[in-house]
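Before anything else, here is the set of structures, which you'll find just below.
You will see chain A twice below: alongside chain B first, and alongside chain C after that.
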Partner chain A sequence: MPVNAIRLVSKSQNGVGAFVLQCKRLEFNYCDWAGSSKGMNSFLKNVLPKFAKENPQIEITVAPRPHRHPIIRGEYINGREKVICVANLEHNQILQKADLLRNSSGLKLKRFNKPVKSENQSVRGIYSPFHGANWQI
Partner chain B sequence: MLQRILRPSVLRPVAALLRPATAAFSTASPLRNLAQETVAPATPAAPIATAPIETPAAVEADPSISLLPLLRLQGAHYITVHINGFPFLVTKGDQITLPFRLKGVSAGQTLKLTHASVLGSRDYTLKGNPYINPEIFSCKATVIEETAEPMRIKEKTKRRNRHVKKVRSKHSYTVVRIKELEVLDV
Partner chain C sequence: MKTLRLASAVRGFSRRNTRFNSTIAVTSEPLAPTILSTIPPSRNPAASAKLPALHARLALHPSYPIQTLARALVDPTADKDARFTNQNLSTLGNTLTGYYASEFLLVTYPRLPTDVLYAAVGAFVGNKALAALGREWGIETAFSPAADVDAGLLQYKHLKPGMDPKLANRVGAATQEHAMAEAVRAIIAGVHVHEGQKAAKQFIRQHILSRKLEVEKMFDFSQPTRELSRLCAREGFEAPVARMHAETGRRSHHPVFVVGVYSGKKLMGEGHGGSLDEARIRAAVNALKGWYLYSPLEKELPSSAGKKGFKAQFIDVGEVIV
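Right after this comes the complex of A and B.
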């Protein structure tokens, strides 16, 4: 078996043991005067209590932001934040945006190259021409 | 049909011991050259999209299970799981960015992966036809997040025509992490 060198850096394995949701805070900003906030106001009254109850690990704040479009601001454990403007959206569409913020980590969007990302050594070992059935002394 | 291939190199270490000059150079170990086994259940291969997994009636009835304890006792394992038909070769703790969005899941949920075509360790490999009996292994994954790629814009145009058509793409991806990969004791 290959020798394991002393590992000085810990591997990030969120989800292997326990899973920590990366979204820690959601702030909903609405406006009483703007017409674009109609869906947001309806969302805050009817949909948000249930959403907040299903996600006790997220700190949810509701604050007026007068004379502006309604927004949802999400803060993540890595320190970044994502802001989505939900002007003129219906309450069910706003719920979709809230789910999007809840389900993402704060990482910047990256191009998709290879699906599997692994920090483990290869199970079958590195190829060697001196081991195996075809090697003859 | 059970295939048990005993390669001629298994006999080579014995011959090497008789020749003191080459004994030190013998690198083939007997365990390494034991058979790579294939599992072939009696039922024919089922189409992936529609039918459930076709497996033998009982795990004990399958004759190729005899080497499974040896596979199980080895340290590291890998598995080729199929998610929506896409194969991924993973070990425990790996993160898979699926090239699509899994519907009906949210971050934090655990998925049980039941379709696997290859389960292997360093010296032994178990192949399914097309899938392995799910009672043999346990593979679970946690949904980490649902992301997307950055927006990319493809510009389509013809020569000597000033009109440019812009096609926007922003595919969504689900990221899962393998939280458990075990060969079970059957």
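Right after this comes the complex of A and C.
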């Protein structure tokens, strides 16, 4: 055979074509007794039903965590999880934290110095000293 | 619910066998093959929170029932009864994905050699790619297909560690990659069944064909210079000639040569290398890739051709035989 094939696997480009939200589960933990859960308890009663309805793609779990501070735990498609402690926060502040977890990609926080990150090769190509008008050896 | 099912079955039964009255039909329930016995309690789709989440994540239409999604997640190795598994759905899904991927590739790159075409179809809809897609959809696997498992988890009998995946069929187990890929195919088949052909095509385009595949990196030429000269002879071009464009450091430890391969006055490809031969071979490879990766400007897919029928923009005579 003159031409053989090299086996490759296509790579995901989330958002090109279809977009899949990266946050797949949010777990809300509360304590019935402790004062630091006051805001969380009111969040669970008043805000969470609306939040859950707006985000059907996230599986939402509510579980007690007695004698501990309330937390929100987000699980992501890449297998990582992010946890935020929401002790002593008001219910609207907790909603902000829940939105933060919802919008996160699950990746570690990273500084991007370049404005564009692409899988595609540069249109301009790599610089070559042998091409162009003015090369001389 | 059960009474409803029975009633409909009775109606069907009495329609087929008008000689029997309906009381006989009720007592002889196993006679009616359309009635499913109750779904095992392990897989009650209504009790799972994962299934509606997956449904919403994939932006499936409300006409796509949660029950189909649940069934798509049960591998044939988890249940002997094919009515509860994704066996039939995944077969349909395999046909659909294979068809849409191959028509897309054939229309985009009509000159692709057969081997590369098969590899490219596999890169889009092979087990590896679809298993990766399933993980990117957030499908999780159950530890084992036990009775108390969540219906939103992928259920299959795991192959024992260290076992050869080729023996999976014989021992009635599956690898995660295989089970996940089959589940993804079954979900796609569900789109076709419940939402129609158009929706299935769009779903496949959005989720599978939108993935990145560098077809130009899939070629492995054994004799590129020879193949290029055979190509030129076949197409009636002048025989290829390699000419040097530039060089530096010929007598040094790291020379660079830039060679172009010409047919008459036309430059077909250019390559660089540490030796004259390397540069010449790279130039031939680039020329061949330029030929094989030709893509017509207007692309019409056979599946989107209307009533007037499909007319191919370009039909290739086939790959070069060396």
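By definition in this document, the second predicted complex is superposed on the first by the 115 of 137 C-alpha atoms of A that agree within 3 Å, B and C clash if a C-alpha of one lies under 4 Å from a C-alpha of the other, contacts with A are read in each partner's own complex, and residues count from 1 in each chain.
The rule we apply is simple: contacts are C-beta pairs under 8 Å (C-beta built on N, C-alpha and C of every residue); 3 or more make two chains touch, one makes a residue touch a chain.
This one's a predicted model, so the numbers in the text were calculated from it and none came from an experiment.
Once chain A of one complex is fitted onto chain A of the other, the partner contacts of A:61 are limited to chain C, with no touch recorded for chain B. In the superposition on chain A, contact of A:126 is made with neither chain B nor chain C.
In the superposition on chain A, contact is made by A:3 with chain C only, not with chain B. In the overlay built on the shared chain, the residue A:24 is in contact with chain C alone; chain B does not reach it. Using the contact criterion defined above for the overlaid structures, shared-chain residue A:11 touches chain B and also reaches chain C.
Applying the stated contact rule after C-alpha superposition, one finds that A:116 touches chain B and leaves chain C untouched.
Of the two partner chains placed around the shared chain by superposition, chain C is the only one that A:77 touches, whereas chain B remains out of contact.
In the superposition on the C-alpha atoms of chain A, the part of chain A touched by chain B in one complex and by chain C in the other spans residues 1, 11, 13-14, 16-17, 21, 119, 130-131, 135, 137. On the side of chain C, the complex with chain A involves touching residues 49-50, 52-53, 55-59, 113, 115-116, 118-120, 122-124, 126, 128-129, 132-133, 135-138, 205-214, 217-223, 226-227, 245-248, 256, 258, 272, 292, 319-322.
Taken in their complex, chain A has these residues touching chain B: 1, 11, 13-17, 19, 21-22, 99-100, 102-105, 107, 109-112, 115-121, 123-125, 130-133, 135-137. The residues of chain A lying in touch with chain C in their complex are 1-14, 16-18, 20-21, 24-25, 56-61, 77, 119, 128-131, 135, 137. Within the complex formed with chain A, the residues of chain B that make contact are 7-9, 12, 16, 22, 25-28, 32-33, 75-78, 86, 88-99, 106-108, 120-122, 141-150, 171, 173, 176-179.
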